[in-house]
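Note that the chains are named A, B, C and D in the order they appear, and that numbering of residues resets to 1 at the start of each chain.
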């Protein structure tokens, strides 16, 4: 039953998109409501799945394997399922998408298309999080490219064309590299099994790779190369320095709702993929490269924060802050501890809500002031106190204020990195301390931005800006509340993640 | 799923201790949602909430005296095999703290009702106050260091919000940010410290940490590291050297806020933190030494800066830093009770002084420079008298509260510290008395120098204040500082002479004055050190030092000397006011400019960071992204180059085809060796 | 082999198509050569469809006429592809000819049908002579078609280049064939294949040379680098439907015959290892060159030509990796996908370029506003060509990846993946024009004639259907024993 | 008995001359004639193999007939195209026809 629900969940938005096709484009309100209803239904489905999720099981639940097509020498299956890793991200996906649909009601241009693409995107994202077959995973991964290209390219800002192409090609290369590595993994797995029962199933391949009986085919060098391939592929999506440069462009140009999805969900596919494929199939290699991952994470944290410090565009600042925050994910998973891994997943979810909220706030401000340049704003608390308040709340969440979800993930990641075994990461302590500086920098750039946008004397032209519209409360309150709930009572989430995390960590003999 | 674990039986008042922070939280939520509607009545809601909290605190304290520590926790998060819990705990220390916090908060609420009455955003103010009270009480009730940290950050947030309450003032905005940022440095230390603790102890709970320390589960260097990291948190929060620079700037907030947060409660949280982690500190002599010296140095430095400042609130701020240094010094010299005792007494008299200052500022229409004041003694009777009591208390005059606690600190430095620390403590005590009475005399005695209060042309801030504001603004990475402006809150002023404020403002002063007089007796030797007995029961914090009688006389003598000097300089003019400044102008300037610490931070940390960031950004655009752009353009260029052969000439095509074929043939033959 | 004993019914589709083509030719002749003749177009489509039905219905068991003419699943599938492809091309042409009445219309259709006949003959042939005849029927028809706008300078220049280079290529093929014949004394591919193991031991150089000469010639026909030079010019100059024909039908038929020859004649294990590497290298160079040059193109037809070159590279990959049922399945599947997405795209291109009178990519500006359906369909085709999900192109391409990886040619798969990403740039350049650029001021809403609409709709449906449910086709393919020699 | 090698060499030379002509001559008719030359090289090969090859049989000559026929057809089409081109451009110089490029 549940498994069928997963299938429904993935295809429901696509069906919704097809339904939207049939509605004349003049019926803007019908289109908006339909999009909301479809994503709302997806949300309800995820909540039901969440409710039925067995927290005691570490492996895959609600799995289904349907034969899809046969190449004669290889059966490609539609293999899906969820575990403690994907469950939270599924919920994140539907939640953020639904809220971003609310946030996109202000879009007047080509409304119908907008929602069609959004729903297709939603299908793709959900698919990524449920796919257990590498082929399927790649399919859904690629499926997100096209809608995103359109969403940035049509509804974006001045440089939208550049940004959309950069996104397409850069992340396209990323998924290309990913699939190359998948192919190599598949081949090596097949070789190891003497071409008996070859499969693209991640679960199956993980078993094959874990089998110590296959040493000669799966030499260390090969496995290391495979892992590095996955690392690079997902590093582009996450993004990790130095593969991050597409992100600021994409964010700055993307419309608010799209930025929300991009930062809130799309980046998460990178982190998820790294854990699912990289750590799932090649845990020993992941352990071997733990130091590298940790250092990359550290660089991300510091580099993103330093660059955010000098941004003049508020949205670019938030974009760089995303880069910085994704470093925490890397730091967490590199530590190979329960807390670190859990912190990473927690951060994926938490950053999903927080960055979406931040982008929404920046968008709302932009809509009113028509500028994103930090120095041109100022004193907005005066004219739009509620928006300014939420923006401040979002910034605080991003800073990692306790009581909001960002703190929990940072805490867990820190516990992780400081608790990392010295065999894995020799300089874990140093890395952790430098990462601590990153936290200070985060506070610095966000507060600096808040000081210059919402505080200070107000400009004459911003005196009569309208404050939050009723529709805007939905994403604002929703996202903040989610962050608050996770921050105040993280058990809700940690409960779901924990068993899976224990399972992942145990794979390196921990 | 979320079942509580009742650790100890005996459900009494203490079981309901969780309500203490919840009342202010409720007021916060009410005001957040309905504040705009309630408008004038918001103050009553806030006061009512706090009053309930205070009452409950009293009940809890009464039950705790003679009772046992009460703990109640819930599962908060599962990390691997470890379960992190959250809940509340009533110990002796936090029972005392509850009283201090709720009481000070209550009177500040009452005071604010009048003080903030003309502000448009009074509902926001009271909401923030409620949130702060909630956070501070939550901090106090925390049964584990993680929960403490959570509320620790929340009080930081409230401080940020309240310092920046008048957000439209650039200097307030800058100060708020500075306050948050600099305490954040300490917080990261604390965070790392508690993470390290967790990794080694497997729990955040105080009890388990104590046990771990006792059972030697932690290596000695690790204990020192953790203790120092935790101390870093305290340094930030309690504004100790070198992270003290935020507190003077934080005076940009409304005065009641300064009284509540930046004098009585939040800044004392650092001291409280050391208090709750005291077993850990005791286990490391290195850490204790660092703590003691930091406290001593801060006490002295801050006192010297207070000597030369002219802003009434800033003087009090430096005084606060100095007094906090005292407390930390006490803790660093094993004076557990002394430090916490001083925390309590200080809370009362410093809140009193701040509220008194607030009352003055209110009366003179939001001027803060003491050179523009004077002669208020006759005009503001209650304020003057209570302020005098406060000053005497802080100076350490028998039998006021400050005397008892300060004497114990001196004792502890003398007994457990070294001579140097004792000397510093003594000098600071002298300086304290001097600058407090400099403030008192300049404000309340002599002639009123403020001129016509209704004169709009009157520039009420001097260059000094403006300069400082610039500094604070610049520390905040904000080069584009705007011209300093004054934002009077009072649109209409009916009279042009300062006069005593309404009862709602004087009543809190009186309450606090009474406390400043009597609070000291709870740990008075002749009453048998009641507080000490209460606080140390069941705790292993070492024997508490007690001073000999001569120390008491010495301490009073020093205080009297300070007061006399101030009297001689500022009332009688026996010594010219600029005597020291003219004799040693460089030192005077050094004091006045906070030892140039702000400049140093700016030059050493802020500017380089900014420069590096700019450099990195350039690099990001040119190199990191440049490589990508280069790859892109190389691709299309190579495409162009390949397309160049497509020149439209039939025979070129043929040639390429044939040559291509020949190359393929050649390659095949070369590689595969068909002629083999 | 006695003529009368032969089962000529195996050739029924070819014979009937020849008859129908002649009929069309005659009708055209009788109705005067000038003027618009849509009915002849319809007749041609009908004839092709009838032939297609005949291909499906007749000889399901296969068989052969001596060793000259083979009917096996491989041949039948490619015949279907050719017939449907040509039918669709003709439907596109009907619109094109409607806009260009100066072209002799009846001839056009009948020559197109003859070309289809040649292609059909070619894919079924198992003998060098038959093969050559089929190839030349196709080629000569193509030369004529390329130059069909005889008053148009570009068209005639294209035809000239095509005929001269094509002739040279034919000479290369023949020269290679002559050695094969000389060494075996037979023109039958089957017999050559049987003799090959021994022959290769005896005369490796001569066998290699004949193979490579044929490779040059056929490489030219299927336009793989470095024998591709003619393609962009000819594609650009030819009438747009002819370009579509050349890109799809001619190329796929060429592929079919290359596979046929190399399987039957050079297919045995010993020699496959020798040339598979060369083919792989050529496939790689083809993908790189095609995609890279396409990046710089502004002319739609030229761009599609380079895109077609790149696609030829993709198609070459499975062939280079391994020969057999698996690779045939993959190739045929991709051929079907390629047929549909390319023809669909060309239908839209014809519509747009004919409407605007120019072949610059900017003629697509704002197509979404002018004809949303066409824009969306074009997007699907382009996305499919680029190899993005939910389209047949994605499945086809990924199958090729997997085959390459499984066949130990991961590097080839990697090049293919990377160049595919490069191709996003120009495919999405179209999309940008269609969706993200305002239409030019004089562009009105586009009227889509029924024929084009049908082509686009059919292609769209097939592309999407195969993208979602590739098993519809693959399940059938997996049952096939593509060529007798695969056993 | 003449060795078959001689015929093969002749054919090879013819083929090369033809190819050279195609690639270098500027007159289009000569280019066409060169293609014929290449095809004739093929014919010589086929006939030689047919007569004195290792597996001499008649098929080669049949093949030759087909090649001649097709070559004729091709030449006809080529010349027709040439004429059309000449009408359009007034030139049959190979180098002049480069409208389509890049």
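FYI, a residue touches a chain if its C-beta (ideal position, glycine included) is under 8 Å from a C-beta of that chain, and two chains touch if they have at least 3 such contacts.
Just so it is clear, the structure is predicted and the values come from calculations on it, not from any experiment.
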{"item": "Per Cα centroids, the chain farthest from chain C", "value": "B"}
{"item": "Whole-Å gap between the CA centroids of chain B and chain C", "value": "77"}
{"item": "Distance between chain centroids, defined by C-alpha means - chain A, chain C (Å)", "value": "43"}
{"item": "Euclidean distance of C-alpha centroids - chain A vs chain B, Å", "value": "36"}
{"item": "Chain centre separation in whole Å, for chain D relative to chain C (CA means)", "value": "26"}
{"item": "Residue list for chain C, restricted to those that touch at least two other chains", "value": "160-161, 164, 168, 232-233, 422"}
{"item": "Contacts with 2+ other chains: residues of chain A", "value": "169"}
{"item": "Chain D: positions in contact with at least two other chains", "value": "19, 22, 31, 97, 99-101"}
{"item": "All touching chain pairs, where touch follows the definition stated at the start", "value": "A-B, A-C, B-C, B-D, C-D"}
{"item": "Chain D - residues contacting chain C, complex", "value": "4, 11, 15, 18-19, 22, 28, 31-32, 35, 38-39, 41-42, 45-46, 48-49, 53-57, 59-60, 62-63, 66-67, 70, 73-74, 77-78, 80-82, 84-85, 87-89, 97, 99-101"}
{"item": "Chain B - residues contacting chain C, complex", "value": "635-636, 638-640, 642-643, 645-646, 648, 650, 652-654, 656-661, 663-665, 667-669, 671-672, 674-676"}
{"item": "Sites on chain C touched by chain B in the complex", "value": "160-161, 164-165, 168-169, 172, 204-205, 208-209, 212-213, 215-216, 219-220, 225-227, 229-230, 232-233, 274-275, 277-278, 281-282, 289, 291-297, 422"}
{"item": "Touching residues on chain B, where the partner in the complex is chain A", "value": "1-2, 75-82, 146, 149-154, 157, 160, 164, 167-170, 172-174, 176-177, 180-181, 184-185, 188-189, 191-192, 195-196, 198-199, 476-478, 480, 482, 609-610, 612-614, 616-617, 620, 624-625, 627-628, 632"}
{"item": "Chain C residues within the chain D interface of the complex", "value": "128-129, 132-133, 136, 139-140, 143-144, 147, 150-154, 156-161, 163-164, 167-168, 170-171, 174-175, 177-179, 181-187, 232-234, 236-237"}
